[in-house]
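Both complexes shown next keep subunit A, but they swap its partner, so subunit B is in the first and subunit C is in the second.
Showing the complex of A and B:
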């Protein structure tokens, strides 16, 4: 193979950069339009309940960026969405529709916490590492069970992972109600993990911790794993065309189970980050449905790690904005739930072909 | 022709799909009572044009005239009311219903909510007899052969009293004998006063069936010619826009040692029924062995066994002396096998992935592309660009999603990937299926080149002319067995056809 001339390579680089920018733009235009449409519907709703949409939206959209505290809280809310989002990116790219991120995160959080108050003699960094490993294994095994069920008995993983959410949450509920209950806690929770494993805040007094950095590392690792390794290429080929992957010599069963394990492991780590950063113990009600919010973020981000990362922040901004809006204006918090619902409905309604053509035209004109 | 009145006339018909102009100001005139062939390569706009006549697609510009009067055809139902029937390439039949029930689906004879089975069967039988299309109206469609199913489709169209019948590549799925019969049926329809538009890209059929033909290329009608005035070479030139090399010239190659050896192979289908029984064959270096046969006679399974995608139940497979009978795909490939899967969108490529990733499918163990399991995007891209150039894959960059390419170029991606592993044995299953004349020619040229380079090639094809023109030796499969073996030089269309139909077998004792 002959090397192209320098000019050739320059041109190639330019087209590559252009293509890269276009794909990023492609990944963002659709969700942005979806959100814009949902927000416009929101205006109608706010007016309908007799409130001022300008004041409400000011608090909703810009409240998170007014000061370091609110901004930090936004980042704190984004953290678990990033990990559960990456959990979905990996599984869905591999053709495994893992919607059990919530349950995998619960088990990761619980067993991570158990490790955190058991190995109290370990120094901070080692203990943090131990908690992460235990949480990853717990979440990973839970997801891999669904993967194995699908690989060997063709049990639909959508059903199994969804139902295993309830099993996981009821199991942790049982433990915190019985063996692992901290009687001094007002709610079902374990005792505190050793304080050397508490993740330090990075924008005090806000809630954001170095857990955010761990989540960002996971996002980068997800991208690398899926798009720069042979394993990731095989996972994606099994996910896009299983029979093609077989013909290329990929062991699709093993790959499926591995995919589910990694996916569940990341959800589990997400749970451990919440334990180490926020509650410092396993608290049964710690998640307002992070697993499902991450699912939405990943789908809005088109299963692209960067798109999902962006959507996790955007979604966190919505959640945080809703909280601020509730404090600053009389608009009720459930409005944001309604907006969320609208977003999901629009997203699943597939406005895509037409939008795709719009984008395609602009792309080829450029 | 006694009448010259035009039944169907198209004026300036244009259809765009986004930026693609499928049909570009097409004028076409079809005379009452003629058989008019519409020929052209895939993507030339034939089917789209006819879908507009049938009301499935609506033209952006232009008008459709029936017997001189402009009409707007909004739906297939409207087309039926205008006396236009169409038989699609993929049949639209309900397998669990009888032929008669399919023919009258939605308009069951009799009144009230009850089905009148016997009456429908009687009417279907009458209809079949009138046009000389023998079928069993009471038989369930799923038990009918492809040729018989096609007759049901034709009868269905005729039951609407169609005057103009459009057949979209009707012979693509038929055996030579069935094709022969279909051509007779079409001629019979003409004597009954019907007009037929026959879409095809097979040149010999144009000559056999049509009174006149129109050639489409790149969405434009190039010419309309009386069949008697053109040779096959003329038609091909008009379709492709350049001279086409028909007879592949095979250089003399002295076959080397046996590289693929299959002995006494038997195995099952996915549903557990027997697919392949006691098949033995050998392919030498520098030799093309063709496996002919009507699809569904065990060829697909034979290919899967030889590739290691499924384990056979008995027998032995050896690649260059190495036994791989029950080994997995990776072992087969390591032993020197490469394969072109029969359905490229199924096992050949992952359409959603890029050209470079599809090319790399079998090369990820190559440290030049993925050192230590980590893909080097730069090296992958350069390597892919080299293959795109070498195999002349058009409109492709390494990042193009494969599904954006045409069928011929997708097949080039498959060939580029498989041949770049420098295999000893190449299994090519239906390598030119669905490809147009130009792309088929290029695939055939590639196979001949590979033969010259001393590869052993097993060609599995239901396209008899392909087997005949490329192979050195020919095997015929019927009912999972090899029923005939012959040097290609001694084989003829008709002779092989009898074996393909199961009417003859070398092993007379076992013949069904």
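Showing the complex of A and C:
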């Protein structure tokens, strides 16, 4: 082996690393600009309502990092965003615009809770596994229905999954108002699941539990499934160009339904983690819109599992910071909801060529 | 049989009109955007914004006309933002639409908390009564007139305006030059361009029209019966309107028929709760409009598919 080729290899490696860093930087510019714009708009809003933006933003941006309790709460808030984010990553990458993460999560949480207070004789790890499986199936089937409607009759999945969110939430409401209601609970909720399935906290007294680790495993599994398996490659190819994928021998219909099932299953597991970690029962008002928050995280993370993971933590920091801001200053907490809306409205504005390609068929106003 | 008689009567028709109106207005708005080939996911958020501002402006000014104006202007501001981001900045229509809905939710809750110190709802202590039809009370017992009385008495002017708008939008879309251009924008933008018109301008126009419709629909939701704003009070009406438009094949008349079906489902869900002999959970009854919409949508798509194959 000559010396020259070693140098060549070295240079090739350097170029590749440089190119890699450049593409990471490219990928970060747009979300960073979007976030910066939204945060500046937030300052304008705070000034407009006559409050002190410095005090508010100090609490908003840094409040989560003041102590272990607040930091733990940040991690707890990130947990459901990771799962709903991965639900979106898988579906959107497959060209299925699953907006029904919220409803799928509700059904997963509910049926997971039912499993949790039914199979009380199972030992802890087995019961936890059973709850996760039941929740995954519940969320998965709900999403697969929308997938089948699209696969066979081209029913727009955006509309169908949105409608199915309402149906899912009304159905769980019905159950906790009637046969599954715990009469001793003040709010509509089921009875508690068996205590061996309560996920232990990892940073007491904060709210973060082992559920975070489960969510991280799901994030890694999402990456592996989408980028290291043939199935994932097929899903991505069907998502980018359905006809081409079909020509290449991918069963597009079947792939679509499977994609939706996996996507919904992950949302369902997210619901089960909340049940096992937070309330220890199904409680009708448990989600402040985790489905849409996860959607924001996934889109800001450019439908990349790692990007989405990062954005879930960042987003949780903003949510947690907003809660702290509301306690410490007179600026209302829903400011973060406005910023969320602004972020989603403008996020694809500049990144159109790239995200347009990611999102495939749904080009601008098409 | 008697319980069915209690359900199927003129009051049910009245409830049908009440529930159909916001759906119909949303659907008419979506007809225009759909004709220009824009999937109007943002309808829900525009209506929510309008519902909030109709109550906020009405409470502050004690004026019905200003309340309606506030609703329309605020919804059109949202639609302008939607149009600007999608049609000028080239954002993805679907992501931006979801964003408008999130923004509307955030904005209304933020203002609820800031202005009224309540993040759930706002009920003004005094609120001007919206213009509505008042029929002579002695009609209610007379044959023939009684049906009209129970159906129409107390309905807001928006109910009648929405029905007029079906006719107007049909004429605009199919009997005027601008309607021809709008329809051509969706089907064949190059031809519109070749005719010296700007398809983007026409698309922006349709989004603004949909904003105005959303304004009226949002005002109807907030002002028809309750005169209050509740967080997320539109509850999917914008999406149901979008579905009605798709079910109605993107035509005003088709949308009217579809909206009536959805309005009926809502009316039955509502009326069935107050009739004790129907022992059905309101939670389940309330799923009817969504299930009906979903099934109707599936059938509409199946039919369209069969037509294409045939």
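Heads up, the rule we're going with is that the second predicted complex is superposed on the first by the 325 of 366 C-alpha atoms of A that agree within 3 Å, B and C clash if a C-alpha of one lies under 4 Å from a C-alpha of the other, contacts with A are read in each partner's own complex, and residues count from 1 in each chain.
Just so it is clear, a contact is a pair of C-beta atoms (placed from the backbone, for glycine too) under 8 Å apart; a residue touches a chain by one contact, two chains touch by 3 or more.
Since we're looking at a predicted model, the values are computed, not measured.
Trainee: Which partner chains sit in contact with A:236 here, subunit B, subunit C, both or neither? Use first/second/both/neither.
Mentor: A:236 contacts subunit B only, not subunit C.
Trainee: If you stack the two complexes on chain A, which partner ends up touching A:337: first (subunit B), second (subunit C), both, or neither?
Mentor: second
Trainee: Regarding the shared-chain residue A:228, is it in contact with subunit B (first), subunit C (second), both, or neither?
Mentor: So A:228 only meets subunit B here.
Trainee: Between subunit B and subunit C, whom does A:248 touch in the aligned arrangement: first, second, both, or neither?
Mentor: A:248 sits against subunit B, while subunit C stays out of touch.
Trainee: In the superposed arrangement, does subunit B or subunit C reach more residues of subunit A?
Mentor: C
Trainee: Where does A:67 make contact in the superposed view: on subunit B (first), on subunit C (second), on both, or on neither?
Mentor: neither
Trainee: Of the two partner chains, subunit B (first) and subunit C (second), which one does A:97 touch, if any: first, second, both, or neither?
Mentor: A:97 contacts subunit C only, not subunit B.
Trainee: In the superposed arrangement, which partner chain does A:52 touch: subunit B (first), subunit C (second), both, or neither?
Mentor: Neither: A:52 stays clear of subunit B and subunit C.
Trainee: By the touch definition above, which subunit A residues appear in both interfaces, subunit B in one complex and subunit C in the other?
Mentor: Looking at subunit A, the two contact sets intersect at 364.
Trainee: Hey, which residues of subunit A end up touching subunit B in the complex?
Mentor: On the subunit A side, the touching residues are 1, 3, 16, 19, 227-231, 233-234, 236-237, 240-241, 243-249, 251, 357, 360-361, 364.
Trainee: Report the residues of subunit B in contact with subunit A in the complex, numbered from low to high.
Mentor: 18-19, 307, 309, 328-330, 333, 339, 341, 346-353, 357, 360-362, 364, 370, 373-375, 377, 382-383, 386, 399
Trainee: Quick one: in the complex, what on subunit A touches subunit C?
Mentor: Going through subunit A, the ones touching subunit C are 49, 97, 99, 149, 153-156, 158-160, 162-164, 166-167, 170-171, 173-174, 177-178, 292, 295-296, 299, 332-350, 352, 355-356, 359, 362-366.
Trainee: Going by the contact rule at the top, pick out the subunit C residues touching subunit A in the complex.
Mentor: 37-39, 41, 81-82, 85-87, 89-96, 98-107, 109-110, 112-114, 119, 203, 235-236, 239-240, 242-243, 246, 281, 283-284, 286-287, 290-291, 293-294, 297-298, 301-302, 305
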